[in-house]
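Read through the structures below before going on.
Note that subunit A is present in both complexes that follow, paired respectively with subunit B and with subunit C.
Here is the complex of A and B:
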């Protein structure tokens, strides 16, 4: 019982996960399945971004590059070679190696570049990947992209849904452990006060690189899942929109909390789906991005801590009030 | 007495302005040294040189006879020189306990462990609590550092410094910006540290009447130069010091 009380969030997560696991067996809707799969994928992506933004305090505008590397690796492997499980694993390995290498190099640059300079640099780096994907036509078919087949294990939508659900659960548990490990705690100290962390005797750069690599690799995995769910890849996976989505999801959900990233991903994807659905009613909904802009501005103005952050503050205040009351009772 | 920290002809120049000008001093082990001097005398700059935030343009710093002039702040902390800052410098959105716990963790050398939960290292929390009670801050363990009063932040800062268990403590104006009521508490904390008797302390202070009875020796900086260095009594009697620094007070 005590465990339940101290781990409310985790308990809730597992209840929701169990519910989502059972969902395809009781309620059959292809559209909902696809939408939820999309949410799972972007949750992984948003959590990986949150590790940088919310936990380490690194602002990166180039997170799409890792996403794109994952998406293109799987696409190219599946297109060039037979879509078998073995090739899938090879693509996974290639993604892990590439994203780890790129994120290591990008992480190294945090030594010299702080805050917005770093953001600009990552922005231009991901732009570089975008241009490469456009111009290297023999490999990427340029802007048009290409379709590919996936291994038979991943063809069924329900199976794929369950696989994505398992992956998000695994990633969540892993990141929870990671952010609560001694190393993860130092990351949060870096976010709070980099110079002070340094003078406590921690090598800030090593930690930033570690966060950068973990985050990059996870984003790459999200990219693989994304491309496999569409069975199609084009240059849009490297675009600024992908990074902006992650930014929006983490900020709306609440930075510095893994739940926030997931809730944000869910909200944004649902809203996206709903708004494009409304496009039939009125042409303005074709431009759904306008609404996102408005929501974003409102959130930043009124809930700068995001949904989870605001909820936390409220419960924390209530607890404090209760504690004060208790004390008064004892005294009286 | 063996010299723990030695500086030799230490100078730093910003543009044309020499902030610290050929300062040579020795601090023996387990010594309590105070640095006094008017505003802009280069006290904090001198500290920054000792702790590695700045690199000297000339001169050398030795720690236990080893040349540490080229060491980074991180390396110096690990070697045994810890410092507090004049401006309050804590982790604002972490709890008080977590602030100190991070310092304990660093001291224990647990740096890259990423597979276990931090609660596994319960002894860190226990140790952190000990430091907090030493600086009389144990009842605030769960507050966010940002919500502490100024004086409490300074105490937290000292607790973090103590938790590093460095041989040398560099305290940069621990009572800066404090109300008069808070000052005795900080002094009490410093007295307790001194009583433990296992640290070498170098302290910058403005309110010199308070530290005179604590210090083993006092050094006076003026315009970046070492004006005098001696026991508190000698400094009080020193005429150049009186005219340069204490002037108004003792005329």
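Here is the complex of A and C:
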């Protein structure tokens, strides 16, 4: 089991994952289960976003569009046809194909240009998807959305919770390997210095497109999970709010770390749950997003590495100081 | 003919509103290399504050002036406290302006409530003229004239004044301008202020035109403005008005004939421009 013992962070992840795996067997709480499922789903989404923003240095403002494609494909397949496992797999395939195609096209169009263009094109394209979902009423039922049934394997909440937990663990391991692979290294090189990477002989555009496709496909999977947990889908899955969620989670948690995305997802979802509960006390809590907006701006300004990155820097500095002291002792 | 003229006027009016938003974006981008994602927020703030003042004082012109003033103030605050600290880092800039957009639009909901607000034009701009069987709505003509006036003023400012010269030089090469002993920071602030003021003006003019304003409209128009900025060429002021009119016209004609495709056509236009001429249809600077 050598791959398990890579470093402290990974060990911690597996301990937390094991704890969360055992949780439903010892502590029965429907609300907590649903909240945690939500956190897992958004963690997958935020990690997919982190791959773009944190590892490749691409800013996307339309990540909701992949999320929405996933959510609508599963919804439409389950509504139109029988909710069986076979149809679920077909919906999954459709999502993979569609998200890969869209992210490939968007990447091809804009990734050779300045970083602004990708942000702008994704922003407007996700706006287009939102409008399309509202207008194509025969397929999407417009703004009201529609409910659907899910395959019987996914009906039980606890089972679904465990499935989501497994998926987040799988996605985490996959992204961990992906970002440490030669391909992932090149992506990080692009983030650090694009021109230099280009002059080293790497075809930057190809690598960027690859990152954009992987990220888009994972976001689509998160969308599938989200729609299946609600058993309902409407146009809000394409809305700017979903992209903003991913942004807040990744930035506040810490970019380029994967753990950060998960911590951010947990924080935001918990805070969301808690603050909407407080809305009865004072109306300002209904606008809870404003607090996160301000925190987000402060984080971007003063802690651009987010929670995880800042903690890492602190521990790294401390280690360095200790090393220096040791040396001094030896010398003195 | 009647229909054609009406659609054209409608498109021109929308185009002018988009132009007011896009002009600021493109100038700021050209000079400072900052793509201000919060521009839509300034637009919405202009609309809310302007119409609020209009409602309180009863004078539309004071409302417009108030909106522009709000835009100036917000522009200065944004430039000084939000953009300047992260100057030079593209990714951080993009992220921070989007955060500001979020805060701005949520603030609107906190202050004026989350519901839509209705707006009507003042009495002297209500109604329409009839010219040879063609009905022309006054307010649309007013918007078109206002847009053209602003375009001429800014063009005059850019081409005939000292500060305009500095701005144009800054767009071309800002290190050089700085090396020649000009405090480019002050110019940045000035341009940001003007851009924000134009966006706020666009917002307040939109209010009576569409009848209702809501906090989400900033984002809707910002998307159109981005399309315009790409089509017109980033940093190209004259390009932005042509592109805005193009987008406005295509939007209004498509909205009448094939309503479901109106946004799609503009997006398609942008995609084509991105493939063939990423530096924009008008002008050569990229």
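Going forward, the second predicted complex is superposed on the first by the 321 of 332 C-alpha atoms of A that agree within 3 Å, B and C clash if a C-alpha of one lies under 4 Å from a C-alpha of the other, contacts with A are read in each partner's own complex, and residues count from 1 in each chain.
We take it that a residue touches a chain if its C-beta (ideal position, glycine included) is under 8 Å from a C-beta of that chain, and two chains touch if they have at least 3 such contacts.
Just so it is clear, the structure is predicted and the values come from calculations on it, not from any experiment.
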item: Combined model on subunit A: subunit C and subunit B, fit or clash; value: fit
item: First (subunit B), second (subunit C), both or neither touched by A:92; value: neither
item: Partner chain(s) touched by A:109 [first = subunit B, second = subunit C, both, neither]; value: second
item: Which of subunit B and subunit C A:180 touches, first, second, both or neither; value: first
item: Touching partner for A:210 - first (subunit B), second (subunit C), both, neither; value: first
item: Dominant contact partner of subunit A by residue count, subunit C or subunit B; value: C
item: First, second, both or neither for A:193, with subunit B first and subunit C second; value: first
item: First, second, both or neither for A:201, with subunit B first and subunit C second; value: first
item: Partner chain in contact with A:57 - subunit B first, subunit C second, else both or neither; value: second
item: First (subunit B), second (subunit C), both or neither touched by A:297; value: second
item: Closest approach of subunit C to subunit B (Cα atoms, Å); value: 12
item: Doubly contacted subunit A residues - partners subunit C and subunit B; value: none
item: Subunit A contact footprint on subunit C (complex, rising order); value: 29, 35, 37, 82, 85-86, 90-92, 94-96, 98-100, 102-103, 106-107, 109-110, 219-220, 223, 226-227, 229-230, 234, 260, 263-264, 267, 270-271, 274-275, 278
item: Partner subunit B, residues of subunit A touching it in the complex; value: 177-178, 180-186, 188-189, 192-193, 195-203, 206, 210
item: List of subunit B residues in touch with subunit A within their complex; value: 51, 73-74, 77-78, 82-83, 89-94, 98, 101-103, 105-107, 110-119, 121, 160, 164
item: Subunit A to subunit C touching residues, read off their complex; value: 53, 57, 59, 61, 109-110, 113-117, 119-121, 123-125, 127-128, 131-132, 135, 240, 244, 247, 251, 284, 287, 289-290, 293-294, 296-297, 300-301, 304
